[in-house]
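The structure's right below; bear with me while I get my questions together.
Going in written order, the chains are labelled A, B, C and D, and every chain counts its residues from 1.
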């Protein structure tokens, strides 16, 4: 291992082209690549320290990276590090900061006046409460409602800013003056994280259950930056994490019985685990069963307890 | 080691008396002990695993705990864990959450409507911007100004809540409706952390540079809860961390020269490190020198470059 | 949330029965429950902080815990904490300690003489190098070889101990005398970790690819301790993590084409992603394809490119 | 903040000169810089995100970095990251790996045969057990003893290697064959860590209480690599951490009374905190008092309870 050339001299040109570039998000946010360390090559090198001399030929790089991703060998991905500069509404930042394995330097509204910008919602962007998903959004509201909501938003944001500025003018300490700023106020931060933990962040925040705002940021980071920085890793991540599904012990058993063609056994098993309880019209709602049904349909299998 | 009785059967009565009790903070916040694991005894036990059998008599517990604190042997303190329930304005929570080594479950304003309470500031509580300390507060503003500020605060908080409720009524998704809530809105969380990391949190947040709001919480956690939970550790922490000071290489050299009584050498040395540069009237401002002066006064030493 | 009774007053009797009990492992190792905080109830309570008042009836506890496990909502599981006392060969401990999110106090061979016990291998326990799996073991070696290997092991361990004791007698510092102890030497430690991170440890170390020694410890911790401590969580973990499988984007596509019955499309797709390259006799070896085949067989599906 | 040029284009030439160079340690170990991200400039930039536009002139870089170090504002130092390649005896690595905030890829003796090198101790390098410090070493043993110890070491290391190779030849799995390798066997690893956590590692491992072996590595990393990589940070670290001391609440009180010249009050206070208990001849041994005495002597102050 001692003689390998493992310094990142061969810089990836495509990633360096976007260094410093602002990817615009929401009405006034952005994400920007500041610096990075490592590449697909560094991941391969770190993995090969386990294999010792002479195994270079055994796996080619792409295969090795896909193997690592598939088997959740995460430490080689930790050898890459990235630093981003982001501008985000505080509401969105509250979710972002919950990822604890990153390094952060945020704009301080104790030292400086708060950034004079709040995220505004245009009339067509108001989302209704989701029916099925207690935490999510559904369809867009109509424009009439939207116009009203946006004008009330403007009124509130204007009052908030006026009150903030009055406090500053009257000599209130910045750390106290900020107390009633709306969560929509933009903040900025340097955010530094290793690739393994970044991929974990992306798998959660690019997911369809993530809130629209943070999902926009995650999608830009993934598609515009990581895909150019470590293209082999990105491809493997998309195949094995982002667009994968998992089957539980029970789901595997159901599918085995379905492919064996024994409908009675399937129904007996599903009943035995409590998935099929008679309701007024059809089976009672059961989340585990419904998620299994959705996976079976995705795989082109018939749901045996359907009429 | 195998035969020690290391389970926490002997519960400390004084800590169990406050379990579940709300310590009220600010106008509508609190901190409350939910659960804990370990005690001063567990710290001693963990430390003694290093010493093997038969060393029990060598140190008594208090001496051992003070030794560990003094020499920053932090792992035995990690053997204790505490879980608190807190109610805090989001503005304060933004600082709190920066401590990454804790476990957190926060009230979700995606799943539920936001808590209908914002931190209010009474007319006598408005603080002026600190002159010397760019991030801090100075004296309280007078009541005339305070009355005006508090009534504007009320107006803003009322509008914010009205706008939030209008959105909810019109069917806007909770995750979007919350976007303009003021940072003063209360949130709640379970917060679980080991004693070593809690002491680190307290050393930063009980400090005089910490913002008043979070300092109130930290002080309550320290004085009302930790002091009862692990009294020997708390005493050691107060002596060796909270009320300690540190002397840099340069400060030690200055003090050595001062106690040796050679004023010329002190001045020469201070000049050589750039601390004494002539300004208009007296020495130019220099933060390192000024912090050294303050420590010398604390120790009863004369500042040799004073007139 | 403020009025819930969330202190762990109702202790689980089955877990308290095993507190302090040594579960014996290998020839001279053990694992022992020292202390714990929380239970299935605490997980439910932490999750419900997100739902606010009045949602108790919506999910019953088991369903909620399974939902959290299925969707990798990990923070409620972090609310439980456990402290174990373990006795492990240093070789095994080298793997164990790689899990960074735990608190550890290990027996110190700087302060005390090394534990006078090394892991011995009986003649029937020597394992051959695995053929397929470069990091694993295959079948047991025969007893003739085993007898020889065990007697050489004994000789080496005896010399190692003699040399260690000679050094101590001649006054060599313990921190240096230990330098040639065999990795098989037993060490002891307190190991404290939250339930989420413990489950992650168990999912890796109970896996069939884990080395026999650490797998024994992980299996005992899971089956003997966690299963009694948090039975609902354990059941969900077994169903959704331990005995689950995942399907990649490519594997899902293959299965969809297989269940649609269009063999030509399957082969075309498999070729297009490089899985089917002609070798001397049949397809060239390809790990991604082979892992897909194994999953298809588990699900009762035919492998379409088999003869 | 948006328009700053914060990419690390201006590479420090002095650090790049040592990239890839092996710094030799012990008889066959080394440390080698593989890659890094950031510099003193990045720390300044990260700190300034708090101050907003226009504050560049307020502090010059060196002053700002010293301020951050002095007040333990650690997040800006986390913006720098370094990757080292190290070759270390496993005994030393056991201490190293206890620092949990690093990323690690270690040479695997499951996948590959163990490195054929053990740390050897030459006859003049055997250290005696320290008298005062239970965990440390004292003077070197004489050469007669050393010759004997080194020749026994050689005998043991030879047998260990022979036994290992016999196992491999007989087909024992590598993961099992390694079980009796001596702790002196060399291992290699990539080790990646941010600058804040690296400085914490160095403050503990360059300390005089650290074991000689790991102290050698830490000293090389500090003096040869970090000092060139981030020279302003290194200078601040040496002044404020490495060569600093801290005074507890009690020590400050003692010094205040000493400088006030009231010997009786000093003695009364020292007695009241239990530092002065009459023994057979002079005061009973008391660690807190003795550490205070040593600091007073360092500062040129008389110890008032000395005869």
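Rule of thumb we're sticking to: contacts are C-beta pairs under 8 Å (C-beta built on N, C-alpha and C of every residue); 3 or more make two chains touch, one makes a residue touch a chain.
What you see is a predicted model; the values in this text were computed from it and never measured.
The chain with its C-alpha centre at the largest distance from the centre of subunit A is D. Interface of subunit A with subunit D: the two copies contact each other largely through the same residue positions, with over half of all numbers used appearing on both sides. Mean C-alpha position of subunit A lies 27 Å from that of subunit C. Averaging C-alpha coordinates per chain places the centre of subunit A 37 Å away from that of subunit D. Separating the CA-averaged centres of subunit C and subunit D is a span of 32 Å.
Counting partner chains per residue, subunit C has residues 51, 104, 108, 111, 134 touching two or more of them.
Put simply, subunit A touches subunit D in their complex at residues 1-2, 5-8, 19-20, 22, 30, 34-38, 42, 45-47, 49-52, 75-76, 78-79, 81, 83, 85, 87, 103-108, 111-113, 188-190, 192, 194. Subunit D contributes residues 89-91, 94, 97-98, 100-101, 104, 108, 110-111, 118-119, 121, 126-130, 134-138, 141, 145, 148-149, 152-153, 155-157, 159-160, 163, 166-167, 170-176, 178-184, 211-212 to its touches with subunit C in the complex.
The residues of subunit D lying in touch with subunit B in their complex are 51, 63, 66-67, 70-72, 134, 204, 209, 238-240, 242-250, 252, 255-256, 258-260, 287-288, 291, 298-301.
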